[in-house]
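Notes follow the structure.
Each chain carries a letter (A, B, C and D) given by its place in the written order, and its residues are counted from 1.
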Amino acid sequence: MALLNAKERMLRRAAKDIEAGMTVNLGIGLPTQVMTYVSKDLPVCLHSENGIAGVGALVTKDKADRNLIDAGGAYISPVPGASYFDSAVSFALVRSGRLDLTLLGAFEVAANGDLANWIIPGRFAAGVGGAIELAQKARKVGVITTHTDKHGNPKILERCTLPLTAINCVDRIYTDMAVCDITSEGLILKEIAEGVSVEDVVNATGADLTIPSAPLPTF
Amino acid sequence: MALLNAKERMLRRAAKDIEAGMTVNLGIGLPTQVMTYVSKDLPVCLHSENGIAGVGALVTKDKADRNLIDAGGAYISPVPGASYFDSAVSFALVRSGRLDLTLLGAFEVAANGDLANWIIPGRFAAGVGGAIELAQKARKVGVITTHTDKHGNPKILERCTLPLTAINCVDRIYTDMAVCDITSEGLILKEIAEGVSVEDVVNATGADLTIPSAPLPTF
Amino acid sequence: MPMPDKTTDMAGVITLIPDGASIMVGGFGVPGSPFCLIEELVRQGQKNLTIIKNDSNEAGMGVDWLLQSGQVKKLITSHIGLNPNAVRLMNEGLIEVEFVAQGILAERIRVAGAGLMGFVTDIGMGTPLAEGKQRVTFEGKEGIFEPALKADFALVHADTADPFGNLTFNATARNFNPLIAMAARCTIAEAERVVPLGKIDPGHVQTPAPFVDHVVALPDLPEVYGIVER
Amino acid sequence: MPMPDKTTDMAGVITLIPDGASIMVGGFGVPGSPFCLIEELVRQGQKNLTIIKNDSNEAGMGVDWLLQSGQVKKLITSHIGLNPNAVRLMNEGLIEVEFVAQGILAERIRVAGAGLMGFVTDIGMGTPLAEGKQRVTFEGKEGIFEPALKADFALVHADTADPFGNLTFNATARNFNPLIAMAARCTIAEAERVVPLGKIDPGHVQTPAPFVDHVVALPDLPEVYGIVER
């Protein structure tokens, strides 16, 4: 495999947590790209909140069905065993705990698991879509984000400063620098990107980060 | 047509109020028999709360589909244009006002429109089924009942003595003796069965009954 | 991408049910009642069950088997009028019965399956069914709070299933089946036919597979599923 | 027994809509959006409309036509991120926008169609979307009361209809369509095909006809229903 850049390694690392038998929803943007790194043989059911369980491969425009998109508007194919349903059933599936995992983007994540990913007051407030329910009700919530914003400011904070999407919902954060877990004991560094030092991660993180004494796996 | 008895004339009279374009639910027992007197050419959609709109003719056991019954357990056929749905959709249809008319049985009906048709304390309490929602939410509620019980006691009362199915819900009462309307001005005699006198009706009714001055139609 | 295979055997899957479990059961009369799953539950003999079902079937079939074998502690239902055994057990205090208006029962199950806490309705106001229930007033109108009704297990009868657990129901055998499939912690479906993945049109699926945990293919149907001779 | 015939013409049925009406509109992106019904509404020019729709379509299509023509007073929606015109109109105060979480929007519409007053949920607790909303506490757990969301009209896009108004939807064009069809006082469906009564399998009906008031057969579909080139 060709050498992966930091973003690609982040996506590949997140993909490793998608396990056989899971029903999974991948948020628009980076999270959707995680599927590139999931084995085609793994039995996983991809849900998209506009009304399908069993999202298959993306299709090109010339092969597209005008009535078959994912929640991001991409033309998709159904896998054998897919089902279509209305928006109420789609979110019933989310809220009643049938989603084993969702991966979402973030503006900010807090050490207590709070997530902010839909409003930047004065700059961006185009609606929450389905994010609140995905964040609050999926059994596991992963966030995929660059460790810092484009100005180098940390996106992982002691407390979020932006309006929240959901409280205390994030279990794991995948960044270009590290994998961190949010636990009852706080934020814990679990893995580290190749070529990144623990000090780099600590400096780029805006919250107390517990560093295990054992050597950290890299990805 | 052969001479009809009082019960048959009551059913035939109730059938006259089923109009083209209506969606109708007929309760188990006497109300279901009203369909015998509805023209086969009238465009009417019969709903049964177990999950069908477009109930057609009853079918004999040898022609029956084991999966296709009405709420009373009778084997039925679907009309062209029928639909099947789950119990939540079935009662959504009832509660949201899509039933133009329901015809129900009664233990007691009060002059204020209260209906009691599911509990006789100490004697009969086998559950309410779908009656509460039919009675409370159909746009028009008709009751079909003998004017008195088998002991000759009136079933139309000033106030119900039995636990209520729904309050202030009945619009019209069809009996073997009369048709009465429940209005904001109280109980009004509208029509009278052939061979029955106004005095007979008044004597058999346990509530104040307004008698119009104009001659009463018979049925 | 293959989908997970949830097909399993009848006896094994029913052993998942412990004493004291709450169990939703599909069916309105005969259509949609999972007689074979119930029969295995009777054979295994789990006790102190809470059964949630529209009706209690007729005497001599389905839920009545569980009543006769003394496995039922409580019945949550809309009516039991077609089963004199159920009425007798209730009157003798041998089972507890909670009556719920039929559409309210359907909706309490549905909101559980939709992951909500409950709903507010004016159905039953002024009647005994409203007594003792929490009230909610919104914009001057008073309603009754009806809590979500969940269960540990749902026993569903499907016409057709695929191995992933997509289900379709036949005519009025649909009734409560798609609702209970969403409202239980563990949903077990018996199916008259199990067809390969992709054989059910995705648009015709009535219960999407993520709601279903186990699929059991039925052998030739016993007589109890047939036309009722009254 | 014949079923009532609800087929009618586009121009006539849209004249039923008065100024100031609240209108639910189907669709999630392009699939399921009733572009022809919207186009006729733009042609007739009704004003001060409240539009209830998952999204505001993209610039240059569907709801955006109504926004551009100044017919919309208020938008109740889950997001408008794909339509910069909608964002601009909101930021300039030219339209009022009420954001509702997508599944809560779906459910508020559904409970209206189910004839209920509202539902109680913990979704949004601790976030700005919970602010100012009525609370309900049940068995020690606090939730938010979300009221039923009704409308005067629903504009639905169906794949297939029969003259009585039974509807089916195609793949992810289903989305909000079956929900809004139940929640409006008057439901108008445009359909790509109108087939004779009995041609839709009763088990495949996705919106039962009693919920539908008017059916309009579409001519050849305009390009806007096609694949979006981005």
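Keep in mind that, in the parts below, contacts are C-beta pairs under 8 Å (C-beta built on N, C-alpha and C of every residue); 3 or more make two chains touch, one makes a residue touch a chain.
Protein names from UniProt, one per chain: A, B = 3-oxoacid CoA-transferase subunit B; C, D = CoA transferase subunit A.
No experiment lies behind these values; they were computed from the predicted model shown.
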Note = Ranking B-D and A-D by C-beta pairs in contact puts on top A-D
Whole-Å gap between the CA centroids of chain B and chain D = 35
Query = Using the average of all C-alpha atoms in each chain as its centre, how far is it in Å between chain B and chain C?
reply = 30
Chain A and chain B: spacing of chain centres that average the CA atoms, whole Å = 57
Task = Could you check chain B for residues that touch two or more other chains and list them?
result = 52, 78, 84-85, 88, 91-92, 94-95, 137
Multi-partner residues of chain D (at least 2 other chains) = 107, 114-116, 121-122, 170-171, 174, 202-203
Ask   = Can you name every chain pair that touches?
value = A-C, A-D, B-C, B-D, C-D
Remark   = In the complex, the residues of chain C that touch chain D are 107, 111, 114-122, 134, 136, 138-139, 141, 143, 145, 147, 168-171, 174, 202-204
Remark   = Listed in rising order, chain D residues that touch chain B in their complex are 1-5, 112-116, 162-164, 166, 182-183, 196-198, 200, 202-203, 205, 208-211
Key: Complex contacts: residues of chain D adjacent to chain A   = 28-32, 54-55, 77-82, 87, 97, 99, 101-107, 109-110, 121-129, 159, 170-179, 206, 225-230
Key: In the complex, chain B residues that touch chain D   = 20-21, 23, 40-47, 52-54, 56, 78-85, 88-89, 91-99, 137
Request  = Over in the complex, which chain A residues touch chain D? Could you list them?
outcome  = 48-52, 61, 64-71, 73, 75, 78, 84-88, 90-92, 94-95, 119, 125-133, 136-137, 163-168
